[in-house]
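I've put the structures underneath this note.
Look for chain A in each of the two complexes below; its partner is chain B in the first and chain C in the second.
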Partner chain A sequence: MAQEKLHRFSIAMLIFNTQAGVVQFILPRTIATYFGTNGWIVIILVYLIVTLNIMLINAVYRLGKGKSLFVILQDGLPRFMLIPVYLVAGSLFAMIGCLVVKQYVLIYQMIVFPSTSDLMLKIFVDILVFLFVTKGIYNMSKANLLMVFILLMIVPSGFMMLGDFDLLRLTPYVFKEGHDWLKGFASVYAAFMGYELSILLFPYAEKNNKWLKYVHLGNSIAMLIYLLVALLCYGFFNYHELKYLSFPLLDMFGYLQFPFVERIQNFIFSLFLFSIIMTSGMYFWSSQQMYSAVLPKLPWRLLLFLIMILAIGVSYIPKSLIIVEQWFDVLSLLEIGTAVGLPLLALLAILIQRGRSKHHAS
Partner chain B sequence: MLQFISKWVQAKNKKSGRSGNPQSSPQASGPVTLQNIQDQFKDCSDLTHYTLPELQADLLFFDHQLDPHAYERDVLRPLLNITKDELEQLLRRSQFVAAKDVVNTVHGILNGYVALFLPQGVYLVDAYGPEKRSIEQSESESTINGPHDAFNESLGTNLGLIRSRLKSNRLKVLQYTAGEISKTKICVLYIDGIANMEYVQEIENRIKAIEFSSLYDGTMLTQLIDDFPNALFPLFQTSERTDIAVSKLNEGKLVVIEEHSPSVIIAPSSFFEFFTTPDDYYNRWVVGSALRLLRYLAFLITICLTPLYVGITTYHYEMIPENLLISLTESRSRVPFPPIIEALLMEGTIEMLREAGARLPTKIGQTIGIVGGIVIGTAAVQAGFTSNILIISVAMSAIASFVIPSYIMSGSLRLIRFGLLILSGMLGNFGFCAGIALIIIHLAKLTSLGAPYTIPAAPVKPRDWIDIFIRGPFWALNRRPAQSRSPNTKQNKMKK
Partner chain C sequence: MHHRGRLCVLALFFLAIAAGCSSDRNILERVGYVRTVGFDAEKDNMIRVTVNIPLIIAEANETRQQEEIFSKVVRSSKEARILMSRRTSRKMVSGQINTILFNEELSRRGLWSHMDSLLRDFTISKRTEIAVVEESARDIIETHLPGHSRTNQYIDRMLKKEFETQTLPHVLLHHFCRDYFDEGRDPITPFLSKSGKDLEVSGIALFKKDRMVGKLSANDIFYFSIIYHDQDRGEFTLGLNRPELYSISFHAINNTTRKTISKTPDGRYRADIRINIHGGVTEYIGNLKMSTSERTELEHILSRHIEEECNRVVKKLQQLGVDSIGIGQYVRNKVSYQEWKAFYKDNYIQDMDIVVHTNFKVKNFGNFFY
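Up next, the complex of A and B:
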């Protein structure tokens, strides 16, 4: 039977879960540090800019008439120019995919298993990611849906914090006592990263333009979740306190009490393994797609295995969470460049292709 | 996919040496004579040879395969009441079919035909009707409300039960044979205009690809035709209940009946269908929905409760509220083992008790229950072997596993629980979540007859949720499930 296309809603959830991840636990602190009072407003501003970037990707799909990114690029640009692009983008995706796991594992090691080797935990998660990606994008989207349903069940528990939420803690001031806005902006923008991978989904999506709206839907859900988390943290703690909490969301969940269980923060953090598998999986899948364009004859599963082995090797270099975050700062800037650069390159290729067609026609 | 399954089955057959023995098949060469056919059945002492010298006729048959009334009505009485001259006229009757060759004759005799050897030629008369069990209630799928008749081992009876409920010429029955030696009949049922013909074609291909010496039951057949032979979960729903088979046909699915099996196969099936029962539809919809949700809760308890207990008591004591922590610590203070060993011991004991109870006769089975109850309930705690709270957890998990209507699914879930237990014992909540992620990844790749196994959750089909996660009111159940890919999606209004 014919392989089904990715369902629109699956794409929305794919984008949302690729964007969301460990960043939710850090985001309130980042916002409080760089933007000060009522820093949560910046999430909406960044969301609007990200929306423009998604519209750019949509334009590639529409002008490219649904063709794969690789076909669009190869139709317009010479292969020798494209190979470095594929290699750089593929390596960048692989490093992000790997560091997402590394960051999660280091945090887990810090809060639960201080005496366990982070490498052991990381290899454990990497095996899960490998198994996940080898199922192919269609099955990844199905697994992601099931994972998202479980993750979204956490959202109602956030409303249980409303009892301790105080509007006074938000203060009437906006962006007071913030600094390094540009750096802060890059950090918040990095929290939205993941949408740019939708450019690789063209051949797997339904052959109509409707699914493009669902990329926006996924991005909007991510924004709403970030907003909810940031607002809750601003009202639960205050922005002064937020600046000194490593993982404000985890601390907030620490106050939750149920009749049979309390201090569920590390269970909640464990559940975010689903999100990590998805985020890392999508980046590794994208990396494999890029490398497959360079080495089309190599079996894709073997290629994925080699990419993951290399990435794991490189990720062994940063030993602490602070260094991982520093690496992420650099990689995020490069990723923002890729998110804008790849669609622009594709548009250039389309223009060149059209120019050639007109020339031949005349 | 089909090629893969076929190759796999062939490879398995080669490995295990279970492929059909070619010598067991009759030799096609030679004329169809009494001597030749008797040679084919050499050393078959149950073969009956009956002679009618006045007609120069010989009859060969297996009397245990025959319906005595049909034999008397269609074979014996007509032959005894005629003279040699009237024989030609008698043989024009439709029940006398001329045998083509040796293979045809041998297969006819094996399938309950009477072989009639005459100077004019050899004829076969169908008198099939072996002993069969009467229609009874299903023991494995009992119900309180609704019809109580269940399928039995007779193919004809099973077909009759379905035909009597679906009086439509659109109900089609395709018949195949599988098994090198057993030559088991398999019938595929579908409703024309409702079922997707791609599924019919697919299942036909899979049945034809079976290369196995003998088939014994429908549940065995499911494993020979399923998409993933190594899947942890059953990929096809099986049932002994007639109302389930009929309702699934109405939903646009296929029903496969195997001769000599009371379990019919429903294809394609979704993971969530294993948590539904016909009782849901015989109750008021609110009650039916509550029961269905209870079953999903039972599913979660079955796989999660004991692993979470182990994970929390091993690594995350801080998650237990103070009041509960005191009683838990008291309860665990005398236990010399870590929670994982304690849990594995108890879960293992429960599984052994369940297995013993299932195999033993009912009266002894009750004794096992009492002995097990005392051993697990009292003695194990007093001896400091285990803690009270773990017993509650293990017992709740066991009870919850029995709430799941499908015994095969329940078995899969119990096995998964052991995996989660070990992972939780190794890595606490992290191991537990990794285990759940593994299950999800495994589930996501599974398909049933090529259709997604996790539908309607993934891919999302919200319209089907009303008949999967709850049991909606009948006015709302007006569409066939998306998994059926029916050309006629409206359930209450068929196209003409």
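Up next, the complex of A and C:
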């Protein structure tokens, strides 16, 4: 039976929705604090570096001739070396999947339900994520198309804000009055995280190289959305005020006034649950893939359930938004390392395997 | 399939029950929505906070409208809310605050510490109207002025009407905070005062950062407005003691204002503000015939007069040292970063030469061809 392949466009939307997350609400403030005037330019710079990383992953696909990552690694490297790599990567993905939900839930609680327990809200979302991931990657990608459609419908409302947008407020200076550029760069790079999961999509995609371009498409859409948001925020508020607004995007949505409704910021933030379910779902799915490579005998749904229970247990520890953001900073750095490390490890395995076969042939 | 279906139903059932367990319910009849808040200055840095909560009480067959008005002397507005909630049977929430009034004395002291409460609260919208009142805000909120709707509605609708007809520049909490943080601009708010049995928009309060330093009278609002932004509606009247122009009123005022910055030979910055304005005449008392070439003479007189008045308003702003029209932003757009840092001092606007040039054109003169 021919296995159904993930459509190229679905992969692009999958990558885009995994990358887009709650960070959109906070990114303009981060950029204004670290980079100062006209800091939105840094998004383009980070995008270029992310593109290089995606090209690295594409190289793994081409040189590995379309084999799954696990097959490539097992062909080249001994299993005792791989098991810790799988365990670490799997745990990292599970933690990120879990903290993404925790951050969203804490912000939601702060805005809408100040006295409700955040554990209860988190369990609601986790049940949704579990039901979502147990459907399998194909159904996830199909559901994702609808989610992305709904989310992209919010974008035209950005043009309603052009009335209060003023180019004068942008100032003609670039990157003045910022500090700690390196830390800022890491924060902005962390906003683009999500593309590295495309390395696990190799066995589910088409058997030719054409779908690789679509990962770039997903990344580009994410970049354009971030750029639009940051640019609008810089022109709507000035860069000084941005440093003191907790959620600039929410404030902008709160300012919009339609003839029949106003202050839709809570509604828009609730819509973002779609993005969170997708991001968290993809990370948990990736974690389950990693753990399945270590324990192939366990049924994958059971494995997923156990991973989520463990992750929820660990996520109970950080209780405030500030601590979650600190954990995220550390995890993002590790994730950036994984995004570069996994493809490099795969390339190493390919080289070793080629060297070995040449040795055998000779 | 059946097993999975049962699991889903169980999960949904659990969710439905758990949703009612939240203590964040806001039942409409148990909640008191604060509509207007007033801040007055008291001694020792304390403030008096007055709130107005309109209620609709439905009992048996009759429904009546009522207001709960509370006033307390406190250090901060959230302290006031906590103390006031001890007296009301409803949960006080700030999500529907329409107008915030600050007393002039408090504005001259400085508003930033009170802005903190307004900014931290997620429920307070950035579209809230903010105004400075001449006397006590408590007085205004507590008195029901005869001949007008309830005071909180009266103030809210009056300000909204003024913004819509563009007789006042459109400034809300968002613009105040934004201009407070911007180095090249200073915030402004409408200025209200009680006159007889009515409330009147009697001018614009000029702020330097968060302290009020001066005020423009109601007659100057028009001249300030056309320098401040491009209008596309509004009406205005002026009168001179000349036979050519005893009185004239026009409507549908449309102006484009361009500000250009240049440097004079002795190193000062010079701003040239060019205003092209046209309007339709609705009333004219004078001895010129607008249907003939005498109209150009009329336009000339009007242009010169508006130019003089605008220059006078700008001199006043310079004297007070406030940049309410945003000239600093234009300078910043033109110079390098080091030059901007050298230029930006506390009262940079006093060192500048600002000249206004006006060109007035009559768009039409109504139904009377004379």
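Going forward, the second predicted complex is superposed on the first by the 359 of 362 C-alpha atoms of A that agree within 3 Å, B and C clash if a C-alpha of one lies under 4 Å from a C-alpha of the other, contacts with A are read in each partner's own complex, and residues count from 1 in each chain.
The working rule: contacts are C-beta pairs under 8 Å (C-beta built on N, C-alpha and C of every residue); 3 or more make two chains touch, one makes a residue touch a chain.
If you're wondering where the values come from, they're calculated on a predicted model, not measured in any experiment.
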More chain A residues in contact [chain B versus chain C]: B
Touching A:I41 in the superposition: chain B (first), chain C (second), both, neither? neither
Regarding the shared-chain residue A:T171, is it in contact with chain B (first), chain C (second), both, or neither? second
For A:F124, using the defined touch cut-off, is the partner it touches chain B, chain C, both, or neither? Pick first, second, both or neither. both
Of the partners chain B and chain C, which touch A:P114 in the superposed model: first, second, both, neither? second
In the superposed arrangement, does A:Q257 touch chain B (first), chain C (second), both or neither? both
Check whether A:L273 is in contact with chain B, with chain C, with both or with neither, and answer first, second, both or neither. first
Taking the superposition on A as described, I'd like to know which of chain B and chain C A:E4 touches: first, second, both or neither. first
Is A:E241 contacted by the first partner chain B, the second partner chain C, both or neither? second
Contacts of A:K142 with chain B and chain C, given as first, second, both or neither: first
Dual-contact residues of chain A (chain B, chain C) 112-113, 124, 131, 257, 262-263
Touching residues (chain side chain B, partner chain A) in the complex: 198, 202, 312, 315-316, 318-321, 324, 427-430, 432-434, 436-438, 440-441, 443-445, 450-452, 454, 457-460
Could you please specify the touching residues of chain A with respect to chain B in the complex? 1, 4, 7, 9-10, 108, 112-113, 121, 124-125, 128, 131-132, 135, 139-147, 149-150, 257, 259-264, 266-267, 270-271, 273-274, 277
Residue ranges of chain C in contact with chain A within the complex: 8, 11, 15, 18, 21-24, 119, 122, 125-127, 174, 177-178, 180-184, 326, 329-330, 332-333, 337, 340
Under the touch definition given earlier, write down the residues of chain A that touch chain C in their complex. 110-116, 120, 124, 127, 131, 164, 168-169, 171-173, 176, 237-238, 240-241, 244, 251, 254-255, 257, 262-263
